[in-house]
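Next come the structures, one after another.
Two complexes come next, and they have one chain in common, subunit A, joined by subunit B in the first and subunit C in the second.
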Partner chain A sequence: MTTDPNVDSPRTAVSNPPIQPMKANLGAGDVMRASAMPDLAPPERELTPVAKLIDVSKCIGCKACQSACAEWNDTVPEIEHNVGMYENPHDLTPDMFTLMRFTEYDNPDTGEFEWLIRKDGCMHCADPGCLKACPAPGAIVQYTNGIVDFIHDNCIGCGYCVTGCPFNIPRVSKADHKSYKCTLCSDRVAVGQGPACAKACPTQAIVFGTKEDMLTHAEARVEDLKSRGYDNAGIYDPEGVGGTHVFYVLHHADKPALYSNLPEAPRISPVVEGWKGATKTVGLAAIGLAAVGSILHGLLGRANQVSAAEEHEAEELVERSERDA
Partner chain B sequence: MMARRIYSQSGDHIETTAPVTVSRYRGFTRANHWVTAASLIVLLLSGMALFHPSLYFLTALFGGGQVTRWLHPFVGILLFLSFLILFLQLWRLNLPRPEDATWVSHIGDVVRGEEEKLPELGKYNAGQKFIFWGMSALIVVLIGSGVMIWEQYFPQLVSIPVRRVAVLVHSLAAVAIILIFILHVYAAIWTRGTLRAMTRGTVTGGWAWRHHRKWLRELAGREKRDPAE
Partner chain C sequence: MTNPWTDIKNTDLVIVMGGNAAEAHPCGFKWVTEAKAHRGAKLIVVDPRFTRTASVADYYAPIRPGSDIVFLMAAINWMIQNDKVQWEYVRNYTNAALIVKDEFGWQDGLFSGYDPEKRDYDKSSWDYVIGDDGFAAIDMTLENPRCVWNLLKDHVSRYTPELVEQVCGTPKDRFLKIVQMIGECSATDKAMTSMYALGWTQHSKGAQNIRGMAMLQLILGNIGVRGGGMNALRGHSNIQGLTDIGLMSNLIPGYLNIPTEKEADWTTYMSSRQFKPLRPGQTSYWQNYPKFMVSFMKSMWGSAATAENDWAYDWLPKLDVPAYDVLRMFELMNAGQITNYFCQGFNPILAFPNRGKVTAALSKLKLLVTMDPLETETAHFWENHGEYNDVDTASIQTEVIELPTTSFAEDDGSLVNSGRWLQWHWAAGTPPGQAQRDTWIMAQIFQRVRKLYQDEGGVLPEPILNLTWDYADPLDPTAEELAKEMNGRALADVYDLTDKTKLVAAQGKQLANFGQYRDDGSTMGGCWIFAGCWTEDGNIMARRDNSDPDDTGTYLNWSFSWPMNRRILYNRASADLEGKAWDPARKLIEWNGEKWEGYDVPDISPTAKPGDVGPFIMNQEGMSRLFTRGLMRDGPFPTHMEPFESPIPNVFNEKMVGNPVARVFVSDAEQFGTSDEFPFVATSYRLTEHFHYWTKHNRINAALQPEFFVEISPELAAEKGIAKGGTVRVWSKRGSITAKALVSRRLRPLQCGDKLVHVIGIPLHWGFMGAARKGFGPNSLTPFVGDANIETPEYKAFLVNIEPATTEAVS
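Here is the complex of A and B:
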């Protein structure tokens, strides 16, 4: 039961919403990490980790998830031009948090033509690169249930999240200069509802529940796919980012790049780690030491003074050259 | 015909003789220098605010994070243009000369303020030249890497991996230029009588004799020969 008061987060996306009003069950006390807030108070409780599983093998490319996403988040993606491909819009935008990416694949092993359709969007990393890169306190938060959310009131639109994300997900709006991405429907999860995309998916290629349940379900799906000849079927839950709270079942898990360049081994770039690690700490320390040191030395040390004799020398020099002229 | 200037800039001249004061920077150069200085301070404060969480409160100086994010790159362009003018004016006299090596090898005497042990110098010593070239190079690096991470106008200019390198290079260059900036301010204050070169535009004869004697000699040698100069 999703509305069971003893259950801290919804266990499925398919149940219908309660008809009585509900208090939001996801708030500031559930934040375990926040951008640019190293001294954040520990969360008040530990929620059960949730996850959205996207079974690519079951996807029929209907885009109901995209429609549901735009509907729920009240976004109006710009109408673009048909350039001969199914992707619409052509990329994630500040108004389109999820996108079906279509790949036509001629499988050289079987000679079969395969249509690989991957629902792209935020992966909700356990180790989020966006959160690490973000300079604005509290603009990106991670809840104890695993959801990584942008708090737009705190966002300054610098685009550092774009730099930090290993999956190229966040998009900064030209309208309000704030960054947008999938919220894993944190506002629905807070009231016992699964994400809108999972709710809308007609084939249940997208399912939602606890991470544990979803992994069990994914393993069963992988078994099924293997029994149907997809020997390399597997789960994409990349360890490099600590695992993700949106994860895939892929029929070709050995070649994730087939699916519109899904990264092989995503992790926060070492360049970003260096920038937000040593550079930040050592740089500030060096500047602080130089500033304090020069002020102290300026106050306590002996200044470099011009003497009266030197003033006199200068006068003589100028007089001499005037005489010689 | 006047002799060619080697150690001085056109406009540098002995302004008064008793006591001696020497004009070092014209009004335009000084005004422009302070534009560069003000820009650098705004960039330093706004940049540091976005560099380290403990300094994020500095965004309040500019009216919040969004304004800080918007303002920083524009001030960067202002600094670049204003410094470009300074660069075009000063680069020639900042070229290295043989006496710079001697000066550097006597850096201990420089720090102790024992300038009688140092060679006679033109308008700039090796330390000033280091600051000049350091700032010049870092400003080029900062404007280049800055445009690459300017989300508002150039979000697609470079790929995300390049952008990561750009943001790292930008912060390293920023730390370096702030250190040079501190050195610049410190040296200008420690060497008494220097600041007035950038406020009133003149220095005393004794200051010029002590720190930049070749420069003073050249200017003295030009005195009264060509009043139109």
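Here is the complex of A and C:
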């Protein structure tokens, strides 16, 4: 947590709650790109790029990150069946934005058995395929600090973001027909807190800070792994998507596919890249040429929703206080 | 733990054996990650399964459940054969040089003095030769063939790498690689830490598993030093506190003993607790036993406990058996000899072995009262939940009362962590509904019982009527009041023992430490080892200063660590005979010519000259014990014993079943299975996603690990025609369960001699209450037998059979 008013993003996720909250940011003026809005005004300022580093070699697969993610985002993942594996839920869902994926690997070079555990979720690409594919104006935005966020009020549930994602991350809810994924806890980062998963991680396999600091930290981790015989240890920060704001340290960086099919060289599908012109038309048609003003309102107005359950609770509270009075 | 969690960052080598720290203690495991990241420490895992801890280990070896003693004794043998011994430490700080009686011996898996009828040893030969001076005979040259070192050398000589491969199923090359890594830590500038948990305790010889590693650590000189130690990872946040406060039927707070019925009076009781030093000039700190005991009696009965009535000794219960442990309690309950059961913070029908027997026992009760924040299976044992709890409700006449209690987060108080830190906590929320603190409930009951005794009298009413109960609100004692009572206070002015004019604590004041406890009735204290937790300076447990000069990891101003705020036990042993740190980079305390000082509270009298007084002040010898004399029922050295249910006979004595001195009730002996009928070894364990039977009540935890499963190897799956995710039936001599099958290469068949041993893993988090899917626990299958010394049930090694379920569960 940062308490320096001049610092524009948290530098760690592990500290205790703030004494002096950071001035809230990640408003409309921090958006550098928005889906289907080619004429978006330039951002008012440049925030320091942030990143979440996932050090796979330190991860114990405890799923505290999954738990913290569901708690913070107030999602209710389904209680499924066991189908003979540790992944639960069995895949990313609209209610589970991050997932531990487990791979059993017999290393032919060392003769050793390895259990490779990777936290899967949105990579927050510098060049986000989801945003490029999205036809709904302002449904996907990218802030100048690198966070790629879905603005659900603007989402039309078409699923193009899924097609556009080289990592197969977004999931469209059958309940509200909106697409969901990790927000990199943009609502926490905006007020100086690191992401919930990083805060919950007991071994600090997940760390958060500026992209620059995280790269330095990652390099030191790679050195340690090399000293332990992992000659191909390295950083996974794929260039094909312009680098990512969630990136990995891998023991076998030469074989990312070992880690539950992490793409070797991810890039946005050429089909999506080719959409660029059409996107605007499709998008604008789909929302009936909505005014830009209301789209921006969508950016900022999402915190003001009240669920039916909350409404009900409030009514009960009023009734009770009237009764007690 | 001898060392705190924070000290693990100081280690060079972590061995996790008999535990699964990453899985069951993920938050504490961060210190292993620290040691690896900042010290370049290595991590070894030895476990029947390739665990989550193994996934981040530098080296892993498999082992057959229940064969750990063979591995550990072979490791000691290898250290001796390869001169990986911290000689100065072993010679001076262990009892290696003491001479043992000629009658002591070992043959065919048994020590001298075995009586098969009594299933017990006559332990009189398991002791030192005592010289005319009243002290144990010694040979510092270690040449005497009867000295502990030579007996140990001989004892472990039969444990070879080949025997490890044959009995443990651990490939010889893996064993040798591990002992080489361990051997490096015999150097004075290297330390290994042992992190273990229920993977060692839950065996019929659990205490001997731990002894084995403790001996290895002593031989390496790794006890009392930073980054070393024997570190028991406790399974609940306050289970260390439970043992400290003596919540066992045979203990009084602070590891004092409940008398037995043979100790009918105070003089007899104290006569076997003299703790006369066995070597000249040694501290033998238990000589202070009367001070702790009298202060405890004063905390119980105040002015009614006097020197004249032997401090109310007659009011203490006297045991007619060694202990009323849970196994015995359920045995008695099942025999109809216990009719009322208060079940506080326990869920026995999932936690105690042989669930069928536990359910039968509960069904015979007249009254069952549960006190728990959750609706436990035990409170609902009478409900029929189909195959998951197939009872005939109408035939059960037990009256069940559920008393909802607060949880730890809804209450002030202290928790004692594995590292012996008493950490104060504050309520984070208000309790729901009618939930009340356990102390509130017990106070209500006590006041009503006392009133009944007042009004109606009864057999021996004195202990109830005279019990000290001086809380501001007798119906609601506060955590602060109870903590102060445990710390102790002066009942009269207390003076220095050597300078009688010097006042150390005025009447009514909180005592500063247990050095101020007295045996003349002038002090009271409920738990002597906690003395210092709440002094005249206030609540020491609430301290939150995380300064740590020179990054030693001791954090002396954070909370309170028993005893005396000492962070690393036996820390005198971190320095050599002259009082200089073995490793200057790892200095803890040193002798400055006049006294001991350093980063930790010295575990020795501050002015005890090095060379005069040994570092292991609680022992009569002043030394640690490679040979434990008669203190353990099953031997002064660990010897290999198979689990009660084993796929192979004991290699030293094929007629020996299990632990030859473990208590076995007659009806349970008939319920042990053999490998003909039950060819596979099962072991039980926790998963990170859950905590015991609590978190299945939580929707998110339930989503992360929703349904009961068992883990098997692809080889066993193929042999039995079991598919990944299919439903299987697993059964033992005592019960049958169904589960989903998780087929994983993390389990491998073990080649033990000419026998291929398959291991089945059974996690323990499911029942029929809560948010997760209904399932079973391993306790439906486990045997009703415990460790010979402390009765911890044998959950970690038993025999089962497995087959695909005939009817697939509806999913």
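Annotations
What we mean here is this: the second predicted complex is superposed on the first by the 270 of 325 C-alpha atoms of A that agree within 3 Å, B and C clash if a C-alpha of one lies under 4 Å from a C-alpha of the other, contacts with A are read in each partner's own complex, and residues count from 1 in each chain.
Everything that follows uses one rule, which is that contacts are C-beta pairs under 8 Å (C-beta built on N, C-alpha and C of every residue); 3 or more make two chains touch, one makes a residue touch a chain.
Just so it is clear, the structure is predicted and the values come from calculations on it, not from any experiment.
Applying the stated contact rule after C-alpha superposition, one finds that A:C59 touches subunit C and leaves subunit B untouched.
When the two structures are aligned on the shared chain, A:R228 is found in touch with subunit C, with no touch to subunit B.
Once chain A of one complex is fitted onto chain A of the other, the partner contacts of A:G111 are absent, as it touches neither subunit B nor subunit C. When subunit B and subunit C are set side by side, the one touching more residues of subunit A is B. With both structures placed on the common chain, the touch criterion links A:Y160 to subunit B but leaves subunit C unconnected. Note for the complex: subunit A touches subunit C at residues 57-64, 66-67, 70-71, 76-86, 88-89, 96, 104, 106, 112-117, 202-205, 221, 224, 227-228. Residues 14, 17-20, 48-56, 59, 64-66, 68-70, 113, 115, 149, 151-152, 155, 160-161, 163-165, 167-168, 171-172, 174-175, 178-179, 182-183, 185-186, 189-193, 204-210, 216-217, 220-221, 223-225 of subunit B are the ones that touch subunit A when the two sit in their complex. Interface residues of subunit C facing subunit A in the complex, by the touch rule stated above, are 22-23, 26-27, 29-30, 33, 36-37, 40, 50, 52-56, 58, 60, 688-689, 699-709, 723-726, 740-746, 771-773, 811. Contact residues of subunit A toward subunit B in the complex are 36-38, 135-137, 154, 156-160, 162-163, 165, 168, 172, 177, 269, 271-272, 274-275, 279-280, 283-284, 286-287, 290-291, 294, 297-298, 301-308, 310-315, 317-322, 325.
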